[in-house]
Structures are given as structure tokens and as C-alpha cells.
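Each of the next two complexes has chain A plus one other chain: chain B in the first, chain C in the second.
Coming up: the complex of A and B.
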């Protein structure tokens, strides 16, 4: 019993760190642009398909496949940004209409990318090479898949790197200035549309990394990966608190733990139902998410 | 009067169908303090926002140092040497005073020069040095105004636009702001100032314009205004300070 509890917590932490990576990318776009990018996941899916193609053609190693997934997601993300977000900058139209135009536009591109994946690819399900073929690591009575160790390590490294980037660099200064006071940032000479584009590329890269790790853990890619990634990223973000990067990490890990424990307690068919119920209950009680329980700062803190 | 640094010709800026500027023409001489006076809603802030690139004009020209800049992006206008101290300051409230200044130098590369400028501004605004690590949102109104001025100066502008720098400040702080304006001008910065506080503005200005309902209705030197009874009643009568 206790062994199961700890084992599920370990699995939940690993799964949650992949969700945290997805949520970091989704939150970065939402926190900086104040726009929901529904085509976030489909861009990741295209990156994963590009990696399966490279795998089938060249039998490339895992580093190359991770790089292809990340670059593919970034290219697809740039396509989404140019079409849905760049034309609806903050001053082009009144705020609300532009935000809705961007969101609906990204929904349309989600459908477009998903249709392309289903129509053009001869079979929907493609095998994705695992990171590592051997048996899982044994830690006493517990087991840990190497993919899960990689997820945890990548999530920790990505959090650390993102924090350094936002807190220490010129780019980070520009991002924080835009979040804090957009017109003030423009008056300081910051090229806001360019920073938005770079934020999009960065978010897509984080999503691509998550997408690679998830595809390698599932050992397959289907067109569903797009919707799945958008949903997991969005739910984790809302659990943690809208637009907060530490909240995204907390929300992602919480979602992973909720899923692994409810799967063990009630069976896999109830896993998502429980996750949605917890999200609903939390939003009803604490609209600002878990982060509002942990701290009082409402900002996109680095 | 030397050659104009900024020349605005027949400028029209509109919010939807409502024209806030209905063909404004004026010039700011190099090295001068030029002041724009007028009642609320006359279009003063709209003019400042258009000149700095926050708003796009519908029609007309803005020439800076002989080059057309109307409709250019804000960051491009900052790069050419215009900085705006906006109404309501628009400092970065969750960022420290030091980071606000660093953001003001965003387009500059030379770190040693930037550090020297920060040091110089801390000398001019000692309160900012005391509060260098504090979030800008925790500063008083007067301190935030100083920070907004210092942030604008971090881009090393040739022309400093200031939109109501005395708004909402205590009389002593207003005097300090105007003393700083005179000092900056003496050091070579051209200043184009929007003010409601006509009394203080006319003390420092070399030239002033009156703007009413989106049009320039008077242009002259500060001496000319005192002789003009109508304008005096309309503007000095309502002035605070």
C-alpha cells in the first residue's frame, strides 16, 4: 500500500514534470501576450511527426530526434504567430476583439494542422523510438523508467534556464518590462512585436521538448497529440494560476500527481474525469489557481 | 531662434471617427524649451503620443532633424533620439528602480557608458539612488515622475517630450521638476513640454503654443501671453501652483 503510494507519486512527479514543461510554454505566451494559443499543441504534434520522419529515413539518434521535434515545433509556432498573433497586436484593434480574433484564429489553425496530419500521413499512428530500450531503474521496491528520469531532469533544467533568461538577460528585461507596462516598454525603445515573436519561438521550443519526451515515453505519435498537448498545458496553467510561470510548474506537477493517484485508485477510465473535476473545484474556490494559495504575488515573476 | 529640431505639419490623429488633432502645425527650435498649453481634451496628450509613435497619425507630417518620422514605430523613434515622459509616468511597477533605468537604455550597447549615465542620474536624483533596489510601484508620485524622466534620459534623447510632468504633485515637487527641466535644457537637451500649470511653464519656456479643440490657436513668446487678456483669463486663471 505505502509502496504503491510512493510509486504512484514518483510516476506522477515524472508525468507532472512533462506537463509542467507544456504549461511553461503555454503560460509564457499567455502571460506575455495575454492571448491563449490553441494551436500550441498542434505545432508540437507537427514537430513530433517531423521527428518520426527523420527517424524512419535516417535512423537518427535521440539527440537529433529531440532537436528535430523542437525545431519543427518552433517553425510551426512561428507560422501560427505570423498568421494569428502578429496581425492582432495590442494597438491594431480594441483589446478584446483582437484577443478573440487571435484565439479563434489559433483554433482555426489547430484544425488545419490536425487535418493536414490526418489527410497527408498514410497511417495515423506512427511508432516513435523510445529514449532507452532496457528495463526500468530499480530503486529498492520502486521502479523508475529512464524516460521519466529524463522528464524530471529536463523540466528542472528548463525551469532553471528560463529563470536565468528572464532574470538576467537583456531579452528577459524586455519581456518583464512588456508584461509590467507595455506602453512604457515601447517608450523605452523595446521592439514589442519582435519580443512577442521571440517569446513565441521560446514557448514552442519548450513545448517541443515536452512533446519529444512524451512521444518517446508513449513510443507513438498520433494526430491526437496536438489537442492533448494544448489541453494538458492549459489545464496545468489554470491549476497553477493564469500567466504565472512558477504557477505553471506547480500546476503541471499537481496535474501529474492527481492523474497518477486517481488512475491507481479508480482506474484509468476515471483519470481525466477526476483531473477535470479537481480543476473545476479549484477554479470555483480559488479562481487565481494554486499559486494564489502559495503566494500573493499576481505577476509573471521570473 | 535656431533651426527647428521638430516640425509638425497639418497633423491629424483620430480615435475612430473622432479627430483629436484636426491639423496641428508647430515647430520646436533646437535647444529650446517649447511649451504646449491648453485646456483638458484639447489634444495635448494625443499630440505627444503621436510624436512618440504610440499613436499613428491619420494625416500630416512629423519631421525630426529634417527626416519624416510620422507613423514610424516607437522603438525606431526612440532610436532617432526622441524620448517621451508620458502622462501617468508608465514606469514598470514590479521592476526595481535600477531595472527601470536599464530598460530605458535598452537600445544602447556600451555598458560602461550606461553605468556612467546611471551614476550621473543618481547624482541628479538622489532619491532614486536610495531606492535603487525598490520596486518602482512603491515610490511616491514625485519619485515616480523623477524615475520616468530618468528612464527617458537613459536613451540619451536629443528631444525630450514631457506630458504634464507636474500633474498631481505637491507644489515643492513641482518646483523641483521645473528646476530639473531648466537644468536639462542648459545641458543641451531640447524640451517640448505639455502643461496645465501655465504659471510654472511660462517661467521656463522660450516659446509656447496654445491648443484648443485639436487646433493651434496661438503661438508666441511668454511675454506675449501676459499681454493677452483673453488667454490670461482662460489659462492663467485656472492654473494651479
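Coming up: the complex of A and C.
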């Protein structure tokens, strides 16, 4: 019983770190541009499809596949940025007309990317090589797959890396200046569109990394990966608190733990039901997310 | 007109109800990812009414609309104070919960020696009221479009009235509306309930057109599509969402010009369109200038 409980918590943490990686990219885009990118998941899926194609053609190793996924996701993400975000002007308040136009445009490109992927590799399901072809690591009575260890490590590294990048570098300073005062940042000589583009590229790279690890852990790639990534990333982002990077990690881990425990207790259908119920209840009661409960800091978001 | 074209036409009519439902919330300033839930509630309720209880379709459709309105009111109560992405995600969560509940919903009974009723993920088959009453495709198309015209007429009457102006004001600036004495929460709840009823009516007709429904029909894809129809077609008039539906289902799906590449073309087209016209084809400016020209011509 206790063994199961701890094993489920471990699985939930692993799953949650994948969600956290997805949510970090989502949050980066939302926090800086104040816009939701629905094509975020589909761009990741296209990267994973590119890697699958490379795998089928050349049987490349895992480093090459990870690189192809990340570069593919970045290229697809840059395309989305150019077509749906760059033309719609300056940083907008959430709910503004331009932000809605960006979101609907990104939905249209989601449909497009999904069809491109299925035209490229038309089978419903493709096998994807795992990171490590062997038995899972054993820690006493508990087991943990290597992909999950890698996910945990990547989520922790990405979080610290992002924090350092934003807190310590010139690029981070520019990002923070834009978040605080876009007009002021522009007057100070910051090239705002360029920073937006770089933020998008960075978020897509994080998403690509998450996408590679998820595909390797599931050992398969399907067109559903796009919708799955967008939904899980958005839910984790909203659970943690919109626009907060630590919140994205908290939200991702919370979602992973909720899912693994409710699946074990009640089965897969109830798992999703409970995850959505928690999201709904949290939004109704505390729209600012889990982070606002943990830190009790007043937030401006509502 | 051949059967295939009629089928496409009926589908356009059915999804117009859903698009109008999302449009109604859009002009009240809320972005809903969850209208498909009320479409689904309507489909299930009306199907249960005719196939299991032997009700006539009009009565079952009324039940569907009542349940759709009640459901939308219940979801709106805790969520309508949220704005933007918050509301969108809350409605998404509610709609997905609803879809999963359909998957868990098993309730069958013997009707004429056959087991009828919702059977979880296996869906709900045998909603045959329309066939049993000898209504042909063309007749059903007439019913769908007559009801759609009725809903549109109600929309236009409301748009010209004080109520329509109030709803648009709440959508554009809720703080200002509140200062002017509008009860914003009540207006939004009313709009949400009306939108739920419209979606449920569409769902009831959808169930009786297809005779078979399953939880998967009412997933998030349907919801985002219905929202996109209004935003592509334009938010200036209730014809906007219909134009969006006509472009997607009517033009691209039925003509099969871009066979296999439909979404590649349509997705790109929409993204480019939104750069040129961020508030859709028939936005407020276009609608106002057309209305003005119309009045000038009438005066001359």
C-alpha cells in the first residue's frame, strides 16, 4: 500500500516534470507577449515527426533525434510567430482584440500543422526509439524509467537555467523591461519584436525538448501529440498561475501527481475528470492559481 | 439538389447554431471554449426524449433547450466574473468534464424489443424519430433552416433593441456599463443561458440528423471551431458566424477543391485573413458602413 503510494508519487513527479517543461514554454510566451499560442503543441508534434522521419530514414542516435525534435519545433514555432504573433502589433492586454486574433490565427495554424504532419507520415502511429533500451532503474522496491529521470532533471535544469537567463543576462533584462513597460523598453532602445521572436524560439526549444522526452517515454508518436501538449501545457500553466515561471513548475508537478494518484485509485476516465474538475474549481475559487495560495502574495491578475 | 449537397447544407445549418452560441458570448466579451458541451447536452436530452420516452421531437427539443440553458447558467455562475483566457480555460474544463460524464453515462432501456439509450463510449444509437415520421432530407433541411431563421430573427430584434446595445456595452467595457447602472453579472448570466439554449437546440437537431451520437462528437475541436467561425466571419453582425461556417463547411469541405490539403490551405488562409482583418470579414466597421449606405439609399 505504502509502496504503491510512493511509486505513484514517483510516477506522478515524472509525468509532472514533462507537464512542467511544456508549461514553462507556454508561460514564457504568455508572460512576455500576454497571448496564448494554441499552436505550441502542434509545433512540438511537427518536431517529433521530423525526428521520427530521421529515425526511419537513418536510424540516428538519441542525441541526433533530440536535436532534430528541438530544431523542428523551433522552426515550426518561428513560422507560427511570423504569421500569427508578429503581425498583430504590440504587447496587448489579455482579452484584447489583437490577442484574440493571435490566438485564433494560432488555432488555424494548429489545424495546418496537424495536416502537414499526417500528409508527411500518414500512418496513425509510429514507433519512437526509447532513450535507453533496458530494464527500468530499480531503487529498492521502486522502479523509475530512465526517460522519467531525464525529464525530472531537464525540468529542474530548465527552471534554473531560465531563472538565471532572466535574472542575470542582458537578454533577460530586456525581457523583464518589456514585461514591466513595453513602451519604456522600446524608448530605451530595446528591439522589442526581436526579443519577442527570441522568446518564442526559446519557448519552442523547451517544448521540443519536452516533446522528445515524451515521445521517447511513450515510445510512439501520433498526431494527437499536438493537442495533448497544448492542453496539458495550458492546464499546468493555469493551475500554477498564469504568467509565473515557478507557477508553471508547481502546476505541472501538481497536475502529474493528481493524474497518477487518481488513475491508480479510480481509473483513466476518472483521472481526466478529476484533473479538469480541479482546474475548474481552482479557476472559480482562486483564478491566480496554486502559486497565489502557496505564497499568499497579492496578485494583479483576475 | 442531390443527397450529398443536401447533407452538407444541413450540416452547415446545424453547426450555425453552435457558431451563433459562441458569437453571443463573444459580443458579451467572453471567449468560450466550451459551447460544444451544451450542444452535446441538447443532443443527448433530445435523443433520450424521442428514442426512449417516445416524445415528439418539438417537445424533446424544448427539453434540450431548457437543459442547455440551465447547464450554461450553472457553469456561468462561478466563472463569468473571469475574463479572457481564464474564462476560456474554465469553460474548456467544464466542457471536457461534461464529455467524460457522457462517456460514463450508461442508461438503456428496452424499446420495441431493442435496447436503446446512451451506452458510454459506445455512443447512443437509434435516434430515429425523423425517419420514423417519414421526413425526408429536404424536409429536414427545411426544418433546420426555419429554426435557424427564427433564431436569427430573435438575434436581429435583440440587436436593434436596448437589450442588444446593453450586451455590446457589457462586452466592450464592463466597468463603464456597471457605472451606467447595468447589472453586468446578470446580463452575462442571461447571455450565457441564451447561448446554452441555442447550442442545445442545434445539438437536438444534430442528434436527429445523424441518428447516432457519441461523446467524441462533442470534444474540444468542435468548441474551438465554433468559436473560430465567429472570429473569421466577423463580430459585427449575426451573419458573421454564418459566413464562417459557410466558408469552412460549405466551401472547403463540400467542393473538395483542395482534397487532402484542405486544412493546409484553410489554416494558412485564416491566419493571413486575420492579419488583414483582425476582427473578421464582417466586422463592426463594415456592418456600420453597409447599414449607413442602406439608409442613405432609402432616404434618397
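By our rule, the second predicted complex is superposed on the first by the 288 of 302 C-alpha atoms of A that agree within 3 Å, B and C clash if a C-alpha of one lies under 4 Å from a C-alpha of the other, contacts with A are read in each partner's own complex, and residues count from 1 in each chain.
Here is the rule we go by: a contact is a pair of C-beta atoms (placed from the backbone, for glycine too) under 8 Å apart; a residue touches a chain by one contact, two chains touch by 3 or more.
Small disclaimer: the values here were computed from a predicted structure and weren't measured.
Engineer: Chain A superposed: clash or fit between chain B and chain C?
Structural biologist: fit
Engineer: Quick one: is A:231 in contact with chain B, with chain C, with both, or with neither? Answer first, second, both or neither.
Structural biologist: Touch partner of A:231: chain C, not chain B.
Engineer: For A:188, decide between first (touching chain B), second (touching chain C), both and neither.
Structural biologist: Touch status of A:188: first partner only.
Engineer: First (chain B), second (chain C), both or neither: which does A:280 touch?
Structural biologist: Only chain C; A:280 stays clear of chain B.
Engineer: Between the centres of chain B and chain C, viewed from chain A's Cα centre, what angle do you get? Round it to the nearest 10 degrees, please.
Structural biologist: Spelled out: centre of chain A as vertex, angle of 90 degrees.
Engineer: In the overlay, work out which of chain B or chain C sits against more residues of chain A.
Structural biologist: Result: the larger residue contact count on chain A belongs to C.
Engineer: Which partner chains sit in contact with A:114 here, chain B, chain C, both or neither? Use first/second/both/neither.
Structural biologist: second
Engineer: Rounded to the nearest Å, state the minimum C-alpha distance from chain B to chain C in the superposed three-chain model.
Structural biologist: Distance of closest C-alpha approach: 12 Å.
Engineer: Per the contact definition, I'd like the list of chain C residues that touch chain A in the complex.
Structural biologist: Of all residues in chain C, those touching chain A are 29, 31, 78-79, 82-86, 89-90, 93-94, 96-97, 100-101, 103-104, 220-221, 224, 227-228, 231-232, 260-264, 266-272, 274-275, 278-279.
Engineer: Can you list the residues on chain B that touch chain A in the complex?
Structural biologist: 52-55, 73-75, 78-79, 83-84, 86, 90-95, 99, 102-104, 106-107, 151-152, 154-155
Engineer: Under the touch definition given earlier, write down the residues of chain A that touch chain B in their complex.
Structural biologist: Checking each residue of chain A against chain B gives 91, 170, 173-174, 176-177, 180-181, 183-192, 299.
Engineer: Give every residue of chain A touching chain C within the complex, in rising order.
Structural biologist: Touch list, chain A to chain C: 30, 36, 38, 83-84, 87-88, 94-95, 97-101, 104-105, 107-116, 119, 227, 231, 234-235, 238, 242, 269, 272-273, 276-277, 279-280, 283-285, 287, 302.
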